[in-house]
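Quick heads-up: structures coming right below.
Presented sequentially are two complexes of chain A, the first with chain B as partner and the second with chain C.
Showing the complex of A and B:
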């Protein structure tokens, strides 16, 4: 185990981590913004609205992310004249854009599916009550269905965030120097396979733990009304009684 | 687990190599014309023909294992195969972890660019670095060419690819301005193909011993001297018998062995 090598490589690994975090955050933010309308369209009673969204979700959940990345990155090169004519090539030329684009669509598809399930799980009684109050459709969604659905979706969504964060490691194959990409460059130079991949693995692990911790705190806040106060108090008492 | 590996290594190096022993050979299959996957899905190319000739000469039974380039040394160390015959350059960095046989060929590295792009690359490396400053160059990951670029051209923007094919593809797509690789690989694997029309070599031949090494050799695990000697003798033998020259002529109209 060559520890000094790992310590010397840390600045480079952390600069890679920055890229990893950037593309994760960008893909998650845009992906979530897309997922809400997609989930609603997926639930539409109109076939023409529902079908294309169903196809989009079916494709992105049914194919490996690696294939999607190759398709967007090398596939776009094949349509360069058309993309240039549309003025889109400046974007597709950049590996960074291709990575964020693919990851965004991928996470949007998964998140839309999570949200669809959550919307369908909103208790019917609450919807009926809101209707009885005379709420319009949009108000019903804004005040009752979506807030409740977000709460239901949260545990599943935290899995999706962790999944996406780790899936970003694939972008190193389309020339991006993310955490995995940097580790691979360093391994190629030093052949210190174990040291560098263990170091990269530990950094991923720490970030994953941080993501899960944040979600746990958010869940505690959002589900505060569901906790039984007596049980809480009893736990604190026994906890305090212990030496 | 380390103990088992060490014991295995001892057992391996202790026994003398007998005739008809099975030697597993790792190769990449994405570096035409030296090694590539042919239309039947088998490994083929100069490296593979040389490997077969060497195995015949040394009396080994040879099996091929296909392995991606950036895992090819770890795969050797993990005993997935016993030798790497995949156009691997003999370098000081690699010698820290593996042993090499004598070279079996040596060719220089070069840049390739699009013909319609105006660009002159001066002979002097420092001047060349200034001229190329800010340009993007595609290179295969974990190769001597990547190291050579990183150490000598600090002002260029390097894109690393899993295979040379992907780097060439991005040159054709206009994502990189240049690619660098072994001159023969670029010639046979790109410039002389349909995709390579409109591209040509630019700048000088590069062969700096510090990066480009002593030529291309066969990598084997450290300490397995019997296997190394067997391959060295076999290289000598096929050069004396003319098998080498026959294989050379099958792929190239010039001598790839170098001086």
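Showing the complex of A and C:
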């Protein structure tokens, strides 16, 4: 075990982590913004609105992320003249753009499906009550359905965030120097195979559990009003959870 | 419109066959490890419990790609370095098929562990108490009472594990196994038609997903036969 090498490579690995976190944050933010309208369109009564979104979600959830990444990064080269005519080639030439683009569409598809389930899980009584009070459709969505759906979706969404964070490691295959990419370059240079990969793995592990911890704190805050005080007290007294 | 595949269609189909083989072998291993892990998690021995907990924690917290690199490149180097230190040099050349299968099986075994743990907990404890009361040994009760029922609760979760696993086989292409993804890469290198071949490969994966969903519904209907539905 070559420990000093790992310590010396730590700054480089952490700079790779920065790229990983940057790509994750960008894809998550844009992906979530896309997912809300997509989920609503997926639930539309109009077949022409629903069907293309359904196809988009099915394609991105049913194929490997690596294929999607290659389709965008290498596949765009097949349409170079067309993309150049549209002025888009400068974007698709960049691995960084292709990575963020693909990961955004991927997480948008998964998140839209999570949100769809959550919107359908909003208790019907709440919608009826809002309608009885004379809320318009848009007000109903803004004040009742979407806030409730976001809360219902949160646990599943935290899983999606972790999956996306780990999935960013694939961008190292299209030449980006994220945490995995840096580890691969360093391994090729030093031949310290398992030391560096284990170090990178530990950094991923720490970040994953940090993300999960943050989400748990957020959930505790958001669901504070749903915790039953008697059950909490009993738990403290007996040291065991009540059924 | 049928695109011109320049004779690489058959290669893609052979790649698909290898993808399915790796996927099924890895799933088999993952189910074995999942049963073992679930047994460890519910064991009374603190060593088995902490081993199983470490396994699921570590594997689910590290990207698959990194684990594949670690197992395929790291393990042989580690064994060679250790054997060199002990004075018995061993040189290992891992076969990509087995390296891929073992790595994916190891990774998804952790996910299967969680599936089986939940499934075991769904079996009413009264049934086990009844089995013990009529004099069944623990292993007989496990074989006759728990195992036949556990599939019913585990199938939806295992279906998800399979769907994620078969997509993860694409990562095995980086260790030079000629599965579907790598076959597409080879075809692309020769024909310079990246979009065409990667798109066809993606449609193959999509059809695996589609068939899997249909099969899963069949299996679930079979596992749930004779149970009451609300």
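As a working rule, the second predicted complex is superposed on the first by the 230 of 243 C-alpha atoms of A that agree within 3 Å, B and C clash if a C-alpha of one lies under 4 Å from a C-alpha of the other, contacts with A are read in each partner's own complex, and residues count from 1 in each chain.
Following the convention adopted for this analysis, a contact is a pair of C-beta atoms (placed from the backbone, for glycine too) under 8 Å apart; a residue touches a chain by one contact, two chains touch by 3 or more.
Note that the coordinates shown come from a computational prediction; the quantities given were computed from them, not determined experimentally.
**Q** Let me test your reading of the model: by the given contact rule, A:193 touches which partner, first (chain B), second (chain C), both or neither?
**A** both
**Q** Using the superposition described at the top, determine whether chain B or chain C touches more residues of chain A.
**A** Of chain B and chain C, the partner in contact with more residues of chain A is C.
**Q** For A:37, using the defined touch cut-off, is the partner it touches chain B, chain C, both, or neither? Pick first, second, both or neither.
**A** neither
**Q** State whether A:77 touches chain B only (first), chain C only (second), both chains, or neither.
**A** The answer is both, since A:77 touches chain B and chain C.
**Q** Pick one for A:93: touches chain B only (first), chain C only (second), both, or neither.
**A** first
**Q** So in the superposed three-chain picture, is A:185 touching just chain B, just chain C, both, or none of them (first/second/both/neither)?
**A** first
**Q** Answer with first, second, both or neither: which of chain B and chain C does A:52 touch in the superposed model?
**A** After superposition on chain A, A:52 lies in contact with neither partner.
**Q** Considering only touches as defined above, state whether A:123 meets chain B (first), chain C (second), both or neither.
**A** A:123 contacts neither chain B nor chain C.
**Q** Could you tell me if A:201 is touching chain B, chain C, both of them or neither one (first, second, both, neither)?
**A** Touch partner of A:201: chain C, not chain B.
**Q** State whether A:170 touches chain B only (first), chain C only (second), both chains, or neither.
**A** In the superposition, A:170 touches chain C alone.
**Q** Using the superposition on A, tell me which residues of chain A are in contact with chain B and, in the other complex, with chain C.
**A** Touching chain B and chain C on chain A: residues 74, 77, 173, 184, 187, 191, 193.
**Q** Where on chain B does chain A make contact in their complex?
**A** Touching chain A: residues 70, 73-74, 93-94, 96-97, 138, 141-142, 146-147, 159-162, 166, 169-170, 172-175 of chain B.
**Q** Name, in rising order, each residue of chain A that touches chain C in their complex.
**A** 58-59, 61-68, 70-71, 74-79, 166-170, 172-173, 180, 183-184, 187, 191, 193-194, 197-198, 200-201, 204-205, 208-209
**Q** For chain C, which residues count as touching chain A in their complex?
**A** So the residues of chain C in touch with chain A come to 57-58, 60-67, 69-70, 73-75, 77-78, 167-171, 173-174, 181, 184-185, 188, 193-196, 198-199, 201-202, 205-206, 209-210.
**Q** Taking the touch rule as given, give the residues of chain A at its contact with chain B in the complex, in rising order.
**A** 74, 77, 80, 93, 95, 173, 175, 181, 184-185, 187-191, 193
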